[in-house]
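Down below are the structures I want you to see.
Look at the two complexes coming up: chain A is in both, with chain B in one and chain C in the other.
Let's look at the complex of A and B:
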């Protein structure tokens, strides 16, 4: 280093030789990168996280000029004894269960279909991935139109029914309320939107399975059923579990799609936990303390479910 | 011990009833524009340990995969016992395939891996019978203590033993093995080599074995076919291949250290190297321009030797020593038994066994003198 500087300064005597003083030290560069990020994180993530934890133990309305009043675990007791909330939890539970289960099956199926290379398989795979690239609000809005009883084409695609009689979003058939119809319509859209995500992860798992395992099985005269259950499924399992984990967390927090489609209605039929939370926190009531407590309960549930999955994931990885 | 003898007796009887030879006729296989196999024909006899030897990319594995039915040939036909099997699926060909990668089913135990081919609905073997068979095979391969383990927890050698076990347990018509030992370390390779040969001899089964390792080929094979660029170069017993290589390619492929190969000319009744060194008296059927091959073990230090040269390098291998001798413009390799006391820089007198010289014409084909 020293010799290089000496040489360059002799050949070009007026070139300013950089000295140690006006160079940034490694540590300074490091700090320059770390601190802005850290400050942003503190302002937008850590502070709300802990402030809302504090708020969850207080009675407070963000719209009222009064300071938060400490009420202890009152909010939590109220929430856990509120039948409306349990209704929202049950709806969310149904939503998560059916939506994730269907996505897993459909995603796996799609992955198996596009796995084999055929003419145009790349294009087909990309086309299948389009739904998950769209904004959930946009998806909600145009599916609302697709479901429309008078001009949406969804009803016309179902055989043997009068298309004008079916109202998916309104959860009615021939003006008679049908339970779960609205929920099913939201689940259907969620499956349409997110099955490609499961497919993508499963596909990468499938591509990692070495061909010789199948070849060995073929020579050993294993049936394709056996090959699927003993080779394909165990090898894909870790990635499939990751997909299911992501989808479960997302479905539990599902908000924008439902808001775009049904707004939680009719009545409270599609009122998922996040929609309920939104209503309590921001629509009319502004019960900030209560909403913070509810948000914390949801957070704990999400963490618990994630841990469960991760445990299974490690188990599956240990076997593979 | 009794068990093993019984098992081999049973297997011998079975194989006596069912012959299993393989014949390939004019197999050609192309991958797009690349010709992998060009008109390959050979025959593996019943109960024979047949080795397909060749460098990487010679088409050995493709040949094996065509026989297994994992790859479809573009032309030619494969027959087992004279019966064409080209239309059969891999499952119906009744073969066992040992892959270079240990193709074990990762989520199953060793026992289940071994039982896998027997549990196929085609076979209808009772669990009781499966158990006896697996115990027998596990004993031969010395993996009895591993039966309950998950395959992910095995070492490379153990995995390959299980793979071989899975092949043996089913008693197929023929065994196809694709470099099964090349992922193992040298010690293990040596011991499995011996074991494999022993198993083959005691079961009397037909094995078609693919390798790029000439030592594996020479030690295990009853017969060897040398493959290069999709074509069979030479076919014969190990001593044919070693002592009478058909081309310079075979001569250089087989034998370590490599054969000494020099350009030479026939002039005035003697064979002369480029720098004028007279090697031997010429035979009448030699061409004017030729290549002279001398195996390193035929270059022997000899106080009364006709030739002399300076030692450039010495590689002591324990049981033998490789000497690099510079003579004229050439450097000759000489293989001497034991540790040599010759020093680098010494001038050494040596003789060449003139009856063991190999002559090749300019097309690199052998000329029998």
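Let's look at the complex of A and C:
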């Protein structure tokens, strides 16, 4: 520092004066970011959205050389009077209900379990999270093997039964068809895969609860049960509802796991609405008009359910 | 925090990166590396090329087309076709690349390309059921004159020309060159069949010798005999998958021998689909599944039935002949040395039939005339008897009638005699443009009855007949009353 001359210490720091050539205005920067995004959105989101809305009122097959023919609400009428489709909706409803309910319970339980710090809790939490990091198709194919009556280990883990007698994916026990067994097998895998997601959100909610609430409750000699219902659950509820919302939407759209495991069978037992939509829209049929109408019906259902959840979520936030 | 300059540079970098990504995404992918020149070619040339089709391959010396692209499913026959393409390149200088798409997405990729009128490939080795869509959508080139004038149409067996090339049925209009003949057959464990204890026990139980079944009833007896569910072994491994066409193809292997059909000459299905023969056949298939299916095969197609066989979980396995090479390979089948093959046995009245597989090579109509001609040159070369012999030598299932009958072909693989026999009585599902709608009906209803156990065989076939009739009427294939 002693060698620094007075001249150098007093001179102005070198500042390169930006020229017009290499400086972009705020508006230019904004445009650079916004316009590509807008163009991509229009090309890949808005156009298909509105074009498929138009197609939903037409009779059209993507593989057909003929142009779309306007049929009004015929596709919607056909869909809403198709018994196979109602069965697919019912199956999806059952799948969503049981899958999300079980994931909520299991995820909450796991979150409570790993909330307390113990030796190796970080490793345990990471291990629990692994299933949700896997590809659903891979999970489906693996569980297909795990459920295999002759070499899959699932049946061997169930006590008091002959492992060879239980065919989960075939929906049979001792060669007798058992309704909903295949659906239950898919739900079980979905719960295994996505409970960690619920756990993760609930865990962040649990960690955000201030300790003084529990301390105050303890001073008032509140029981653990009381603390759980009156402190833990209300405090976690907003995040839990977000988890339930995400999982409900995802479960309604569930496709790859089912296709990997059962292909929608046996019969129509695991034919979820997304699987049905796939068959109609692709797989040789390419009934683009009909499939577009069905996709819009599903979209409306998803939006309606989401709105219900969000309304309840806002209410829960207010209470919390 | 950052100056405008930093923002600006960052924005430019992002924009450049986006452009690069878009360019990379739009760029034509590098062609798949061709395989090494065939070393097995010599083995295939034993069959003498006696009479070649009328026209020899045109010289490509003056052609501007340097590469042809043909899409097919990703499986061994596509590798064999690539080897043929390599030979063609050696002879003519025109490179042939077989683009291989996994079976699971092959159909969707093809139909998406058809919808987009894509000229991404010059040819497709497409499913027989796609003929109607390919022809009526204008995606396929009409090859009638070409195949007749070159004698190619006369060089293949009539059944293969009908099922792989002709649309509409009986029209003598051809849209594809029968390339990979295929059908369902059976593999069986010779070691189990020839075991003295098994033979004795079987004779005592059923009153006749344990041997390759000569009827569907015998197939059932043998399947029951070898089924031991406690040990996790099934007598058979048959198709049950609901996805696409598996269970329908499986049922066809009972339907056709039982004397059943999908339609009459006027496309009527009522009374045909729900005929007593078809009802009996569907009941037979369900009984076979209930009594004797290898464990865990409620959602099975070609991969699963082969797996059950190679893992020793099934005494007999239904499959397309094209998937049998895996069963003769000791590296993929521990029972390879004792695996035998037989054609689908006849039904109660002696009728023969088996579900058709296989594909024909079509030319895409949206490529340039020059490329169409280059494809015709390749097909002319490929259809020559000497080259069909090479094709068969590699493992491709030729449809050339002379090669099929040659001793060399029949002795080349243990399953070839059964294949050659099967190709004389194969039958197919619908191949009209709405075949997938009709297929969806059968897939769903067969799966409900056979796998899920809902309803009866008669109810199932009545439902299929009614639903298919409705579809056919709506689309003008049957005139509404």
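Here is the rule we go by: the second predicted complex is superposed on the first by the 300 of 320 C-alpha atoms of A that agree within 3 Å, B and C clash if a C-alpha of one lies under 4 Å from a C-alpha of the other, contacts with A are read in each partner's own complex, and residues count from 1 in each chain.
Basically, contacts are C-beta pairs under 8 Å (C-beta built on N, C-alpha and C of every residue); 3 or more make two chains touch, one makes a residue touch a chain.
What you see is a predicted model, and the numbers here were worked out from it, not measured in a lab.
**Student:** Should chain B and chain C be called a clash or a fit once both complexes are overlaid on chain A?
**Tutor:** Superposition result for chain B and chain C: fit.
**Student:** If we overlay the two complexes on their shared chain A, which of chain B and chain C does A:104 touch? Say first, second, both or neither.
**Tutor:** A:104 contacts neither chain B nor chain C.
**Student:** Applying the touch criterion given at the start, work out whether A:169 contacts chain B, chain C, both or neither, answering first, second, both or neither.
**Tutor:** second
**Student:** Pick one for A:269: touches chain B only (first), chain C only (second), both, or neither.
**Tutor:** After superposing on A, A:269 lies in contact with chain C but is clear of chain B.
**Student:** After the fit on chain A, how big is the angle at chain A between chain B and chain C, using C-alpha centres and going to the nearest 10 degrees?
**Tutor:** Once the structures are overlaid on A, chain A sees chain B and chain C at 160 degrees.
**Student:** Quick one: chain B or chain C, who's touching more of chain A?
**Tutor:** C
**Student:** One more residue to check, A:84. First (chain B), second (chain C), both or neither?
**Tutor:** A:84: touches chain C, not chain B.
**Student:** After the two structures are laid over each other on chain A, how near do the C-alpha atoms of chain B and chain C get, in Å?
**Tutor:** Distance of closest C-alpha approach: 34 Å.
**Student:** Along chain B, where are the residues that touch chain A in the complex?
**Tutor:** 68, 70, 89-91, 95-97, 99, 101, 103, 105-108, 116-117, 120-123, 150, 152, 166, 170
**Student:** Looking at the complex, which residues from chain A come into contact with chain C?
**Tutor:** 18, 22-26, 28-29, 32-33, 36, 62-65, 84, 144, 147-152, 162, 164-165, 167, 169-172, 175-177, 259, 261-269, 279, 282-287
**Student:** Under the stated contact criterion, what part of chain C meets chain A in this complex?
**Tutor:** It comes out as residues 3-5, 7-8, 11-12, 14-15, 18, 107-108, 111-112, 114-115, 129-130, 133, 136-138, 229-232, 240-244, 290, 294-299, 311, 313, 433, 435-437, 439-440, 444, 447-449, 451-454.
**Student:** Mind listing the chain A positions that touch chain B in their complex?
**Tutor:** Residues 210, 212-213, 215-223, 230-231, 234-235, 319-320.
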